[in-house]
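Sending over a structure as structure tokens; questions will come in a sec.
First chain written, first letter: the chains are A, B and C, and each begins at residue 1.
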Amino acid sequence: MEREIVLPGQLLSENKTDSGPGTYVKDGKVYSLLYGIKNTRNKIAVIPFSGKYIPSGKDFVIGTVIEVTPSNWIFDIGSPYDGLLHVSEYPKRVESDRMPGIMDVGDSALLRVKDVNPSMKVELSMRERGLKPLKVGRIIEVVPARVPRVIGHGGSMVSMLKKETGCEIFVGQNGRIWINGNDSDLDHLTEAIEMIMQQSHTTGLTERVCQFLRNEKDVADAEESIDAEEDLAEEEEAEDEDESEIAEDTYRKVDALLDETDE
Amino acid sequence: MNDKPEKFIDENGLRLDGRQINEIRPMTIKIGVLSRADGSCYLEWGNNKVLVAVYGPRELHPRRLQKSDSALIRYRYNMAAFSVEERVRPGPSRRSIEISKVSREAFEPVVMTQLYPGAVIDVFAEVLQADAGTRTAAINAASIALADAGIPMKGLVAACAVGKVDDKLVLDLNKPEDNYGQADLPIAMTQDGDITLVQMDGDLSQEEFKQAVEMCKEGCRQILEIQKEALKNKFADDTAVNIPDDIDEVTYVEAIVEFDIEEDEYPEEDDISGESEDEDEDTGSLDEEGEPEDIEEEFIDIVEEAADEEEITEGSDIREQ
Amino acid sequence: MKRRLLREVISVSNEVVSVLKRDYIYNLMLKGKRIDGRSFDQVRDIDVQTNVIDKAEGSAWVRLGDTEVLVGIKLQVGTPFPDSPGEGVIITSMELNPIASPDFEAGPPRENAIEMARVTDRGIRESGAIDLSKLCITEGEEVWMIFIDVHVLNNSGNIQDASSLGTIAALLTTTIPAERAGKGDDMAMPVTDIPLSVTVVDIGGSLMVDPGLDEETVCDTKITIVSNQDGSISGMQKSGDGALTEEQLLKAVEMSCAKATELREAYLADISN
């Protein structure tokens, strides 16, 4: 398959029906709008190397509270547009004055975009299994355009990452990834995700990342006797069987969503 | 600085720096040089050194500046205090404000601002060393920084100037030509040849002007090639050059041609602290929350205005160095 | 009605500190680790390029991790202050350009920029690193004015130390353009000492040098200490809304001075104009 770095304004096709995402049509011809990689499946699309997350309905995102109003939590979602989580979209009934007790400025949460209106007012929801305020774990930020690489086709990359590290992973489409597990696993996972970002344009990535994690594991196993006690204690604290099951469900939805946009 | 040369072009048709009359100065470009910016470019052109960062699209404050149907572009051309022979006072001058305006307008026709209603795209151009042609150098770098930031654009913008010395037209003025030449005509254009910036001072006949535009066009074409090459080569020394054939999985970008704004009717929402789950009574009180911020914002504006006035009283424009 | 505004919460920096990130940094600290894998007394990688701006009389481009500053020195003939008619004048300015961070806004310098410029300035001035008497042209009438302009290009934490390093590096490469001004022969900047600042932050009771952006954002207190070749201290500034114990303060001074000696040796020993 032909893969090519393209630039804004570059002619991609003489046939306007080829115009896919990241392109525009002028005088019946298709041009690139973005600096990125040309993808020619069915239509011609351009996948940008970088760019801000622009929210759209049904996206899974990770947000950080920047303000609490009497009826909304306002979240920074790594986008030009902040997201609003109305108190009624929290899974439980909450009185207005208790809102900061549940989530205060600086707290992060797993969320879903409920709706985005034409003036880019973004409504969020937490009324879904797997969505929750985050009290543990780490958040890694990546270029939103490369999120699909972390997920992999049909969730293959993310499944592999989970399997090899034993960590919980939630990939937000806004380029934020929440990971949870014991510290050394999280360190390896973080490195693996960095590797995916750096090599996101190369082939055979899933395999290489897998190999990397296995090597890391071998090294870690050798050192394990030292850290074992510590890790156990943390695992108990962080692990919650119910949670990981829910998370699985969430990933399926992410994958499903990606498959949709894949067409 | 009254070292005006007797002749700008020698008997062999070469200029003071050895260039042909239609030759541009060497240009080098580095992309993605600043870790905090969304897109960035460092460009050297002759002895000019400029650094451009793009931030955005991002939220725009104060809200009263927001455009409901598109993103605002802000462009700030700024000279480092030490970028010229005589130290420039930090902060905006009348000259830099004018350049910022026309440079912004050079990009308005190509940037797809309608995709980001209410947001702002900030372009910050810092001239670290000035040596004639800084505004065009900054535009050339900004074009790349915008692409690097993933901003959708109909195409790149390239810019250069034509001037007149010894009654002859020359492409891409150097410092003495700029200081003592008979005319200066900076132009920015898209790859289709649409002119998005044109300024001129000096003296040109209409015939000369026509020729000058043609020369500029040729210069911009050459620059466009340099820009394209730089962008294509950004990943060249990366191990990641071989582009994967296993990304069947993604076409993740919004289809931009298919993006249409539906004129949905959304009721104006008040801040009701009730707990209704009814969507239409949803309490998105964004407008109200703007209040306390606006106070601060306004204060800043006042301070900035005051600074501007100071500049005005200082008087005359600084010649482009 | 409770109305929690971002700006109230974040007095030191414009960044929203994610609680998870703060916890992560604290937890690492408890294990003696830092977010980028450094030890507490380790600075990030440093690169110093001098004479990068031909139009300036001296210049240095400093990279401290991802933090980048460009310092340019310009000299002009001016009149001395009445109380020091035989001495040159130092004027230090810093702009936190919006190019350097999503949190910086255009406009006149605010308190952070002014504070950092003044700390940089004091480091140079109070150490006596520049022999100002040599900058006198005609007593009471004409002296050299040194304009130090710190241009911040990328803020990835600890602009202060990058500025201090860049300033002294740029001064060491500065030539006073006397010929151009018709004031005698060109001469090297009379630099007699090499003051250098090293900043230490307190995160949950532990002290670490050269804070990265995240550390700077979450730290309770920052202390910058400027020390000289002989180990003496010529400037200090505590900032941030936390407090330090006396013991911490003394330890910070010790850490800072030791680090300054190391950095001076590694990055400034070979620089001259």
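FYI, a contact is a pair of C-beta atoms (placed from the backbone, for glycine too) under 8 Å apart; a residue touches a chain by one contact, two chains touch by 3 or more.
Keep in mind that what you see is a predicted model, and the values were worked out from it rather than measured.
K.L.:
Comparing chain centres built from Cα atoms against the global Cα centre, which chain wins on proximity?
P.N.:
Given all protein C-alpha atoms shown, the central chain works out to be B.
K.L.:
So, comparing C-alpha centroids, which chain is the farthest one from chain A?
P.N.:
Farthest from chain A by mean C-alpha position: C.
K.L.:
Check A-C against A-B and say which one is joined by more contacting C-beta pairs.
P.N.:
Ranking A-C and A-B by C-beta contacts puts A-B first.
K.L.:
Provide the C-alpha centroid distance between chain A and chain B, rounded to the nearest whole angstrom.
P.N.:
Computed from C-alpha means, the inter-chain centre distance equals 32 Å.
K.L.:
When the C-alpha atoms of chain A and chain C are each averaged to a single point, how far apart are the two points in Å?
P.N.:
38
K.L.:
Can you list every residue of chain C that touches 2 or more other chains, as numbers and ranges?
P.N.:
1, 3, 5
K.L.:
Which chain A residues sit where two or more other chains touch them?
P.N.:
Within chain A, the residues that touch at least two other chains are 67, 69-70, 96.
K.L.:
Any chance you could list the residues of chain B touching two or more other chains?
P.N.:
In chain B, the residues touching two or more other chains are 58, 273.
K.L.:
Could you please specify the touching residues of chain C with respect to chain B in the complex?
P.N.:
On the chain C side, the touching residues are 1, 3, 5, 7, 53-56, 59, 66, 68, 70, 72-74, 76, 93, 95, 97-102, 105-108, 147, 149, 151, 153-156.
K.L.:
Which part of chain B faces chain A closely enough to touch in the complex?
P.N.:
Touch list, chain B to chain A: 38-39, 56-59, 68, 71, 110, 112, 115-120, 147-156, 190-191, 228, 231-232, 235, 238-258, 261-264, 266, 271-277, 282-286, 289.
K.L.:
Sort out for me which residues of chain A touch chain B in the complex.
P.N.:
Result: residues 1, 3-5, 7-9, 19-26, 31, 33-37, 39, 41, 45-52, 54, 56, 67, 69-72, 74, 80-82, 84, 86-88, 93, 96, 117-121, 123, 145, 147-149, 151-154, 198-205, 258, 261-262 of chain A touch chain B.
K.L.:
Show which residues of chain B lie in contact with chain C when the two form their complex.
P.N.:
34-37, 47, 49, 51-53, 55, 58, 76, 78, 80-87, 90-92, 122, 124, 126, 128-131, 273, 292-293, 296, 300, 303-304, 307
K.L.:
Which residues of chain C touch chain A in their complex?
P.N.:
1-6, 9, 16-22, 24
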